[in-house]
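By letter and in written order, the chains are A, B, C and D; residue numbering begins at 1 in each of them.
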Amino acid sequence: MFEEYDDYRKQIREFGLKEFTDEVAAKYDRGEEYPDYLRKKSLSLGIVDMQNPAKILIAIEELCRIDAGLGISVTTPYFGAEVLMLFGNDKQKEFLNDVYSGKYVLGLGVTEASGGSDVAHIKTTATKKGDKYILNGSKMFITNGAIADYLVVLARTSDEDKPHHGLSTFLLNTKLNGFKANKLTGKLGVRATNTAELTFDNIELSSEDLIGEEGKGFYYIMTFFNISRIYVAAQGLGIAEGAFDKILEYVKANEIKDENTMFEIADVATRIEATKELTYNAASYLFKFEPRPQLTSMAKAYAGETAVYASEKAMEILGANSLEENVERIFRNAKIMEIWEGTSEVEKLVISRFILKGE
Amino acid sequence: MSNLNEENNILRDTVREFCEKNLDEKKIEEEKIDNNINSLLASQGFMGAKISSKYGGSELDDISYHIILEEFSKYSPSIAMKIFMINSLYLPSVINTEYESYLQDVSSGKMNVSVDFMNNKYKLEYGNNINGTVENILNTDSENIVLFDGKTTIVNGPFKTREKDFMGFKGLKFGSIELNNKYNVIDKNSRKEKIMEDSYNDLSAIALGIISGAVDKAMDYSRVRTVFGAYLKNYEPLVFRLSEMYSKENILRSILYSNLDKYYTFNFAMNSIVEIARFSVNTHGGYGYFKDFGVEKFYRDAIILKSVFYGNSELKQLSNHVYSEKLTFI
Amino acid sequence: MSNLNEENNILRDTVREFCEKNLDEKKIEEEKIDNNINSLLASQGFMGAKISSKYGGSELDDISYHIILEEFSKYSPSIAMKIFMINSLYLPSVINTEYESYLQDVSSGKMNVSVDFMNNKYKLEYGNNINGTVENILNTDSENIVLFDGKTTIVNGPFKTREKDFMGFKGLKFGSIELNNKYNVIDKNSRKEKIMEDSYNDLSAIALGIISGAVDKAMDYSRVRTVFGAYLKNYEPLVFRLSEMYSKENILRSILYSNLDKYYTFNFAMNSIVEIARFSVNTHGGYGYFKDFGVEKFYRDAIILKSVFYGNSELKQLSNHVYSEKLTFI
Amino acid sequence: MFEEYDDYRKQIREFGLKEFTDEVAAKYDRGEEYPDYLRKKSLSLGIVDMQNPAKILIAIEELCRIDAGLGISVTTPYFGAEVLMLFGNDKQKEFLNDVYSGKYVLGLGVTEASGGSDVAHIKTTATKKGDKYILNGSKMFITNGAIADYLVVLARTSDEDKPHHGLSTFLLNTKLNGFKANKLTGKLGVRATNTAELTFDNIELSSEDLIGEEGKGFYYIMTFFNISRIYVAAQGLGIAEGAFDKILEYVKANEIKDENTMFEIADVATRIEATKELTYNAASYLFKFEPRPQLTSMAKAYAGETAVYASEKAMEILGANSLEENVERIFRNAKIMEIWEGTSEVEKLVISRFILKGE
């Protein structure tokens, strides 16, 4: 699948191998610093060809295979764009061009400190006042939070009986008064990515900042996650492949031939192959606008577990050699795959719900 | 625990109180174990837990030693690793050699020491002096180190060291040592293999502490964190898994202190530790990924412990033991 | 095993010798346990292992009882299940009721009895007589059975039974019973839940026997079978896994006999049993798939034991115990 | 993948549901009897369209989903045909038509008592004597052994330094003098299939019975297994799907909603989906004559484990209800998937070898 992009894949991999050297990866990992120059460099590759999501998928996979911290940093400044693309007004869609061109960094502000994956119960409010909305509240674990120029933000615009009603999405300019971002440090992995806690203190939003219709925010965000999850699956796949590269490199260099290690190689390889097929297959439905959310959730949950499994296996097989920074970094990067964009637990409920409904 | 007596329980409480009163686990991870902490540990007899009283040590029995390792590990795996290096690795390396008197300064916390146990494949060029690099060694701030290279060798500092940022046991300085020093052979045989095999239960005790710390954090969190309108402890799959992990913790404690065959205990510990530490991170959701919550360190230390100390050769030793013969593998 | 004394070891040897001398495990699987075997088991005091001497039982302590269950289970899980049904299920059902004198005939092997523990959802229509069907019951050739239906009830035969071919514990007759009999309420409360929870260690002992039997067979086979020009015991992945299973067997034995919390022991037993029995079949290759080799029966009995006796409600009990509270789940 | 055969799939499933009733499945399982009438009935469906291996694959999957004992019985009387098709002479190829038409039952005699998956070390000999070969030896665990009219047999025709040299394949008529088949009973599962131990006592074979060239038998058989493994993967996939059917049926009928069971459903479903994609993907390469043996081995090993995993989960989730004969039979059938046509262990060595060679 996606063989037609083999050339593009090669091109991306070459870029990654050239730019994501061990030194660069280590530097931004240690310093917890966002590599903005790599974002700019990468733009020339057409990584964000929104007309061609398959290319995005492949870019994510190949770049995360080399280093997930840098790979995600480079492919995530467009995070949230699908919300605007699908539900935004013409001006907002036009604005996206500035995101794609690299002028602006975008982000998505949904998760809150009290909620985790529980989107329906967010507490941030956008209270209507004349033709304005006054935004108050806070957000947690927001990728690009402290570097984004704009954020797609989910807030409560009215109280309804059902908590997932009454939510709306806005395009927030982070230069506005009342916006504060507190960069969070001390992450286990993907430390080159920027993560922040946000507070909104009486930020004045105009009605033009509203995305789509008022009260439909929950639906927009769920639609978005059903798309974005496939990219998380690709991150997980890439990390697993990167871990496997390290295993093979080590086994070949040290001429390891013992049968137990051969079995481990077969097990990891089989799991990665299954991850790849689950991911590509779910993506192919999604990309022809016939999404099958249970397949996407399967791919995401399985890929997350595969990333962790493969990286742990790399550590174990390499033994003391796993302490080498370029291997242990993979291990540290992998864990988040089971957590963000819906924990594996949430995915499993999605899967079983769809199955019991009768697909 | 049936095999633990009143005295054991008092010791356990003592270590716990010591940690809470004197140590800041986050500071240890960030600023490393300093001389202050060394002295404190020494003053309470933890540093020389197994060292003979002749050299100022506490000369504790195995059970007491394991309680110390477990409790420190639960609070700060780095401290446990430091005590382990001294008592399980350094002590048996120098005992009954002309250097065993070094133990005096070790148990008093005056002398930092290290032992190369990382299965290094470094090449040492022997001459009058010893030249070469010891890669990946913990306690780079040591005054002397023990190396195994067919023989058992001791090398005195000062050393030219290069520190590296290290993902595991962050309280200890880690890096490489450029040797250009005098060396002394203290045993013409390598003591390493026996030392490592003798340390299985000690490592299981460290593992138990990590497991216990990880399970505790996760269970505590499940009691206070709400999501989708309910406490985490009201979600079946999460609670079932945590309860099974708590079961494993208790089984490990039981077999460790009832002195079951160390091979079985070690295997059980190593097969449980990573999975449990990982699930503790998962239980904490996004928060688990940040060091502030003090849970991701268990995951890091768990994988290091397993990767460094448990692999094919340990499985071979287990198999030889189980089959009561030296097996050959194709 | 540290917790087992000389007397325990003698009992273990006695059971082993009894099995080898008197029982043919393949014949038991094919022809069921007959009156002959019943009498034999009774004459040695196995049938009434836990029954009071007042009723001719052996009045054994828990450790001795578990040794009996383990050893019989290792040889023939069906025999162990029979003894379990009498001593762990029937005995506590009738004790302190007017029917406890039945235990006399039970311990002497004169009376076959059964207890419905299969979580049956049958409907019984009470009247003067009891009417209805008891589905999936072991020991269909019983003279009386205990049923739980809000109350604890005893029903005397003769019964109209329909035997079914059954995949597990094949030594026992299995099927359904069409009731059209007199019944007596012997306790107005159902004793079932407590009986089941009290039997965790007994079931763990049966599991241990199955595990031990499966591991033994596989290890023995690995010593004699050659493939690709080498003994199976020269293949790393196979030997590593078998050795880890042997480790688990020993851990289970240790925690069972050292009387660790029964919830943890039971969880460990149930989480190990199927995987170990399965791998024993795998080790035997094609031969493992045939009953002649006496190993597939462990796999069948293992899954039955786990499926029938371990599920969500047992995990809930474990969780309540671990959290020291009655949890509610969303 | 293979969506173009959806109608065929439906047709096969209808046949299976109609013929493989619980009663029939139970009867042949209990009696360890081969259901020859079902073989004959099934012929009308074009199950053995050798021009169209995708149809074979689908038939195996769908029939094993309903009952593996009957499903394998009906789809295996052609076992070994590919050896003749690929390497046989014209007469032998012509003979295949009688197999496809149902006139003859075919089988494959490779495995021996001492060898298991170790094909190179077989001990059966075919000693040349004039223009005849004298066949002596024995075979073990031979599917169709006691019902086959003909068997493709591997035997040693010369002693060579390397044990896998010097082996040749023959087409053996089981009516010949010196042939004896001893039906093996007491199988854990797939009890409707026929399994036998064979002895060859000075059977006279003519040189016309030789398949292909003398000395190339090992290569022929390995080529065959690289094909047939994909069908075993399909058996495993079908069994897993059948087990999952039972889980869903039970969960729906009893309105089970607890979260733990929901997670189990998601896990089993994801593993089955991965199995399906691994199997179909490997098959699609194989069927366009671009076999990728490591993908086939991955599919086979993974499918075998999935069959066992899903059937064990069915037992556990159904609890006491799993004792119902139609559920426990699935459990008993599943185990063989990890054993025959190369144990999972052998597959893992194949996989790691291919990977380390650099694919």
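Operating definition for what follows: contacts are C-beta pairs under 8 Å (C-beta built on N, C-alpha and C of every residue); 3 or more make two chains touch, one makes a residue touch a chain.
For clarity, every value in this text was computed on a predicted model and none was experimentally measured.
Visitor: Taking each chain's centre as the mean of its CA atoms, which one is farthest from the centre of subunit B?
Guide: D
Visitor: Count the C-beta pairs in contact for A-B and for A-C, then report the pair with the higher count.
Guide: Taking the two pairs in turn, the one with more contacts turns out to be A-B.
Visitor: Find the geometric centre of each of subunit A and subunit D from their Cα atoms only, then give the gap between the two centres in Å, rounded to an integer.
Guide: That gives a centre separation of 43 Å.
Visitor: So the centre of each chain is just the mean of its C-alpha atoms; given that, what is the distance between subunit A and subunit B in Å?
Guide: From the centre of subunit A to the centre of subunit B is 36 Å.
Visitor: Centre to centre, by mean C-alpha position, how many angstrom separate subunit A and subunit C?
Guide: Taking the average C-alpha coordinate of subunit A and of subunit C, the gap between them is 51 Å.
Visitor: In angstrom, rounded to a whole number, how far apart do the mean CA points of subunit B and subunit C lie?
Guide: 42
Visitor: Find every residue in subunit A that makes contact with two or more other chains and list them.
Guide: Residues 258-260, 263, 345, 348 of subunit A each touch two or more of the other chains.
Visitor: What positions in subunit C touch 2 or more of the other chains?
Guide: 228, 235-237, 240, 312, 315, 329-330, in rising order.
Visitor: For subunit A, which residues count as touching subunit C in their complex?
Guide: Touching subunit C: residues 258-260, 263 of subunit A.
Visitor: Which residues of subunit B touch subunit A in the complex?
Guide: 118-120, 136, 164-168, 226-229, 235, 237-238, 274, 278, 281-282, 285-286, 288-292, 296, 299-300, 303-304, 306-308, 310-312, 315, 329-330
Visitor: Contact residues on subunit C for subunit A in the complex?
Guide: 235-237, 240
Visitor: Inside the complex, what are the residues of subunit A that reach subunit B?
Guide: 30, 111, 114-118, 120-121, 140-141, 184, 186-189, 258-261, 308, 312, 315-320, 322-323, 325, 328, 331-332, 335-336, 338-340, 343-345, 348
Visitor: Can you name the residues of subunit D that touch subunit A in the complex?
Guide: Against subunit A, the touching part of subunit D is residues 248, 251-252, 259, 262-263, 265-267, 269-270, 273-275, 277-278, 281, 294-295, 298, 301-302, 345, 347-349, 351-353, 355-356.
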